[in-house]
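Each structure below is given as structure tokens.
Both complexes below contain subunit A, partnered by subunit B and then by subunit C.
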Partner chain A sequence: MLAQSLAAGLDQFLTPLTLTLTTLGVIFGLIVGALPGLGPLMGIVLMLPFAVDMPPVAAMGFLLAIGVGGSCGGSISAILLRIPGTPLAAATLFDGYPLAQKGRAADAIGIAISASALGGLFGGLVLILAAPVLADFASNFSPPEYAMLALTGLIAIAVVSEGSLLKGLMTGCLGLLIATIGTDEFSTGFRFTFGSFEMLNGFHIVAIVVGIFAISEMAHQVQGNDLNQKSDVKIVRPGFRTLLITLRHWKNLLRSSTIGAAFGALPGVGGTISTFASYAVAKAFSKPEDGYGEGAEGGVVATESANNATVGGAMVPTMALGIPGEASSAVLIGAMLILGFFPGPALFEQRPEIVGGVFLVYLFSNISLLIVGILATPAFVWVLRLKKSYLIPIVLLLCAIGTFALQSSVFDLWVMMGFGILGLLLRNAGYPLAPLVIGVILGPLLENNLRRALLISREGYWIFLDRPVSAVLVAVNIALIAGAIYWTIRQRRERDVRATAQSEG
Partner chain B sequence: MSIGKRHVEWLAVALFLAVIGLVYQQAATSMAEQGIASGGPYDNAAAYPKTIAAVLALLTAIQALLQILRARKTKAETGVPLGQLARPASLVLIFAAYLAALGIAGYHIATPIMLAALMMLCGIRRPLAIVVPAVLISLGLSYVFEAWLKIVLPGGLLHLNIAW
Partner chain C sequence: MKTTIAITLAAIAAMPLAAGADDFPKRTVELIFPWGPGNAMSASQILAEAMSEELGVSIPVISTPGAAGTKAFQIAMNKPADGYTILDGYVAPLVLQPVLGKADWTYADFVPLHAAFSNAFAIGTAADDDRWANFEAMMNYCADHPAELRYTTGSRNNLPHMVIAKVLQSYDCVAQNIPYTANGDAMSDLKNGVLDFGFINVGDYQQNGDDYTIQLVLSELPASAAAFGGAPSIADLDVDLGLSGLGPMGWNWWLVRKDTPPDRLEILREAMKAAIERPEVQEKVNALGFAALEWDWDQYDEIVGPVAGQFEAMGNALKWEEEQLAKY
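Up next is the complex of A and B:
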């Protein structure tokens, strides 16, 4: 199945359009990753409207490459400005910035890019090898398993999202409800449309995603006071010899990439946790003379390889099951839906050329990252000098025209704006936004399979426990919630004990 | 006068309650009138949203309870001054005005004005540093969309579109 997919995908991949767009995606990803406050998710969100009219593999190459470039770009500002462009690069600060302070900024950036590309390639191999196996296993799934799987994906994201479990579950439920707006597939009745013709098909996923993430983020950023500040960073030029420096740390590279890919494959865990975990492991394996925390090359290798390997790992459940591992994957699933295909076991059987094409563009985006990243670093460093007072209006305009372009609909713009306000409110109240988007994406999958399962069982809920895989997933869901509640209570108790000790001492 | 996270949290709870209320109201009125609020899994389109809303209601009740308990335990917080929220609120208002103006004035008139207003909001004060980028960004993006992607941007009542 794998060889067949790759062979079928080669034609889709080897086109000038796909190769160009993938390279452009890497460049755009590096830019949005380097700019603090944007990041790979925002990059994918901003370019989503552009991608929907492209051929599927080219579009996926473009969007995936933004994710790949964006995951690496954050390290540039982390190393040069001591401000991680994205949370993914937070752990790169530990050694990247001290390395730059020692006069080796170009080396630090070169190592970060090389490690990201190699980690990303490792993640790609994991994706290519694991996704078909998982898809093959899932091909026997029926509605009860799918319903429980969708629920597991949503609960896992809610459990590990920033903020409380409760708030994550609440925004997840809100997402599920938003997904019900429009025409009901089973009864063809109208739900929550309020007689509006424009709401018969529900809200466009791009309008929701752009509003929730981009508009709310921009509104949040104008609350800060340093919008006119210009960063005075010096241009650095890394060379390809940094690839050799990175390869000298091959054990660390392999270990950190494995951690990254494994964490990525677990729904909800994501890159930030994997980078900190791999840094901790690399530090534990290091010798004192390696000087972790004082500018160790190994520290940059560990965090950057892990964070890009996570992208490949996260694509495993996304491609094989249609279950997003985190917010970026959810947006990518949204893109796939708009492009006319739904990830999952059926895609592996029915459209192997798309599966193979996606695998190949993912690998190519990492090779592009290595070449373009190192050659064009001075340009990305220059971008860091952009003032937010120009960046915010540009991003907002891009959001508006991009969303309008989808259906030439001003209604979509109002939807985008409404979700922007909703996102701003939820963000300020400490609610995570990723579960909401994942709820919107998984909502139809959950509802349709839930109702089909109930039809099959003649309305008995026991069907979810009668089938082994479904029963295991029910147990996983219960364990996830119980574990998260236990963890929250324990953390709260420890915090109370510390507070009491402080007040007494 | 300031607004604390606690106030915003209550606002969010109110929003969730409104959503729950809306789901049940719609199930009892619009969906019942269409005959899709009863029957088995195939016919009953209201059962799933009602179930999710019920779960959300339970979670919202727990969240509200936690907020009440936390309010009793902790001291009053120093909130964000309302003035500090003026900028995000202004951004939303400028953007809303832009969306409203798009259909009337069209992209080419409304966009540079919106960009200029946003730049001023973000702290740029020199007229030249506002006007030139606003016009160039607006024209640049319209070129990308209209000439390359063949998207017809809103022309407004005057049907203002550039034939690139």
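Up next is the complex of A and C:
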């Protein structure tokens, strides 16, 4: 099955358009990753409206490559400016910046790019080997299994959302409510459309995603009051010899990539946690003379290989089960839907050429990252020197053009703006945004499969327990909910204990 | 001097009018497609590409699914009647949804460029399902076990649902329709035995024919039965659906708003006719399981009109199904 998929995908992959777009995606990803406040998610969101008219594999290559480049790009600003371009690069600060301060900025960036590419390739191998096995197992999934799986995705995402569990659940539920807008396919009745034909099919997922992430982020940047500040960064040029430096840390590289891929494959965990975990493990295995925290090469290898391996790992549940591993994967699922295919077990059987093509573009994007990243670093550093007052209008214009171009719809622009304002309000109040998008995407999957399962069932809810896989998923969901409640109670108790100790002390 | 300026200004003012009449089309013409991406959209893209070569401007196919195709119609009706918006008018949103009271237009609100494709469909079961020897045996089983069988027609209240409900009503077969958003999921559940039978379109059959046993082709045309490997068709049964006007099921016409300027309408009609008659277009759409239709624009009323009447007459099949299911 694996060989068949790869062979079928080769034709889709080996086209000038796919190869060019994948390389361009890496370049764009590196730029948005390097620019503080943007990042791979934002890069994918910005380019999503342009990608939906491309052939599926070329479009996925473009978007995935942005994720790959963006996951690495954050390290450039972290190393040079001590500002992580993305949260993924936060742990790279520990050793990347001190290494640059020692006069080895070019080496630090080169190591970050090499480790990212090698970690990403490792994540790709995990994707290629694990996803078909998982998809094969799940090929007999039917509405009861899909309903329970959608529930797992919703619970897992909400549980690990940044900040409080309650806030994550609340934005997730808001996403579910938004997902109910449009035509109910079971009764063919209209829900919450208020007589507007524009809302007959709900809100376009791209308009929601661009609004909630990109518009709100730009508004947030404007609030920051540093629009005219110009950074004083020196142009650096890393060399290919940094690949050899990285390979000298092969044990660390392999270990950190494994951690990254494993964390990525767990829905909702994401790259930031995996980078800190792999850094902690690498430091634990290091000797005092390695100087972790003072500019150790191994520290950069650990964090950067882990965060790019996470991208491949996160694609495993995304491709095999249709469950997003993190926010970027959720947006990628939206892209796949628009491109005409739904990720999941059936995809491996029905469209092997798409699956194989996606695997190949993912591997190629990491190879591109290694070559393009090292050659083009001076140019990315130049972009870092742009003032926000120039950058923000360009980004806003791209958002508007892309969203309007989807359906030539002015209504979609209003939706984008509306969700931009909602995103800003939620962001300012400390609510995570990703669960909202997950809710919008997984909501219809849950609702439709739940209702479909109940229609198929002749004995009501027993259908969820009669089928073995569905029964296991029900148990997993109950355990996740119980775990989340236990965790919340424990956190509250610890907070109370600390508060009591402070008041007594 | 003043006279020269006045003449120049008058000439400039007249230019857009002259250009509007002579240079149509001078920019992109949009084709509003009422479903999500898939075989049907690919067929429309093939024809749109050929037509764009005839016109010398691009014709992007814009997928605007939703509300059983009615969203696309609403969008098209809200665009100016200037010939720059063409509607891919499938029978379900064009005729069926107004009959069901879900839309406030009739087929007479649009004028046709040309008929596009025929997309036949059939009732099929999983290839390894040997519970019935033939369609009539399946119907007899269904009549003896009311509300036990599960079937799908993709969306609910669409044309296949109405036709299949009518067939089931003829055999007093009460079965539960299960709606699906994605055709792939429906076919997967059919193959896995979760569903007992389902609507199979000719594109699905041509791509994955080994996965299904075709029980009944829902078209009286010999060519449609041949497209399903010579499976039994409704013409072989003693069932009168009262849908003779639908001949090849699932046809579509490319339409524009009826107040579109006649000169522009004529240009579009000629371009579409030339495009659909191209051998390479017919070859490509045949490969997708579709057949290019030869009906010209002046046959629109003759073909579509009776279908609207027939739908109204047979609109009770869906109601009958709901009422019967409520009893079990």
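One rule holds in what follows: the second predicted complex is superposed on the first by the 502 of 505 C-alpha atoms of A that agree within 3 Å, B and C clash if a C-alpha of one lies under 4 Å from a C-alpha of the other, contacts with A are read in each partner's own complex, and residues count from 1 in each chain.
Here, a contact is a pair of C-beta atoms (placed from the backbone, for glycine too) under 8 Å apart; a residue touches a chain by one contact, two chains touch by 3 or more.
Keep in mind that this is a model prediction, so the values were computed, not measured.
When both complexes are superposed on subunit A, subunit B and subunit C end up sitting side by side without clashing.
Look at A:G340: by the touch rule set out above, it reaches subunit C but stays clear of subunit B.
Within the superposed three-chain model, A:S142 lies in touch with subunit C and out of touch with subunit B [touch as defined at top]. In the superposed pair of complexes, A:S408 makes contact with subunit B and with subunit C alike.
Annotation for subunit A, partner touching more residues between subunit B and subunit C: B.
Of the two partner chains placed by superposition, A:K283 touches none, neither subunit B nor subunit C.
Looking at the shared chain after the overlay, A:N428 reaches subunit B, while subunit C stays out of its contact range. In the superposition on chain A, A:L227 makes contact with subunit B only, while subunit C stays out of contact range. In the superposition on chain A, A:L455 makes contact with both subunit B and subunit C.
Touch criterion met: A:L166 reaches subunit B, while subunit C stays clear of it.
Measuring from the middle, so to speak, at the Cα centre of subunit A, the directions to subunit B and subunit C differ by 70 degrees in steps of 10.
Contact with subunit C, but none with subunit B, is seen for A:F197 once the two complexes are overlaid on the shared chain. Once you line the two complexes up on chain A, you'll see the smallest CA to CA distance from subunit B to subunit C is 7 Å. Counting contacts by the rule stated earlier, residues 53, 186-187, 190, 408, 452, 455 of subunit A appear in both its interface with subunit B and its interface with subunit C.
Those residues of subunit B lying in contact with subunit A across their complex are 5, 8-9, 11-12, 15-16, 19, 22-23, 26, 30-31, 34-36, 40-46, 48-49, 52-53, 55-56, 59-60, 62-63, 66, 84-85, 87-88, 91-92, 95-96, 98-99, 102-103, 107, 111, 114-115, 118-119, 121-124, 133-134, 137-138, 141-142, 145, 149, 151-154.
Within the complex, the subunit C residues that touch subunit A are 30, 36-38, 41, 60, 62, 64-68, 70-71, 74-75, 78, 102, 148, 150, 155-157, 176, 178-182, 184-185, 188-189, 192, 194-195. Subunit A contributes residues 50, 53, 166-167, 169-170, 173-174, 176-177, 180, 184, 186-187, 189-192, 194, 215, 218-220, 222-223, 227-228, 388-390, 392-394, 396-398, 400-401, 404-405, 408, 410, 413-414, 417, 420-422, 424-426, 428-431, 447, 450-452, 454-455, 459 to its touches with subunit B in the complex. Residues 53, 139-140, 142-143, 146, 182-183, 185-188, 190, 197, 200-202, 339-340, 342, 346-347, 349-350, 407-409, 444, 448, 452, 455-456, 458 of subunit A are the ones that touch subunit C when the two sit in their complex.
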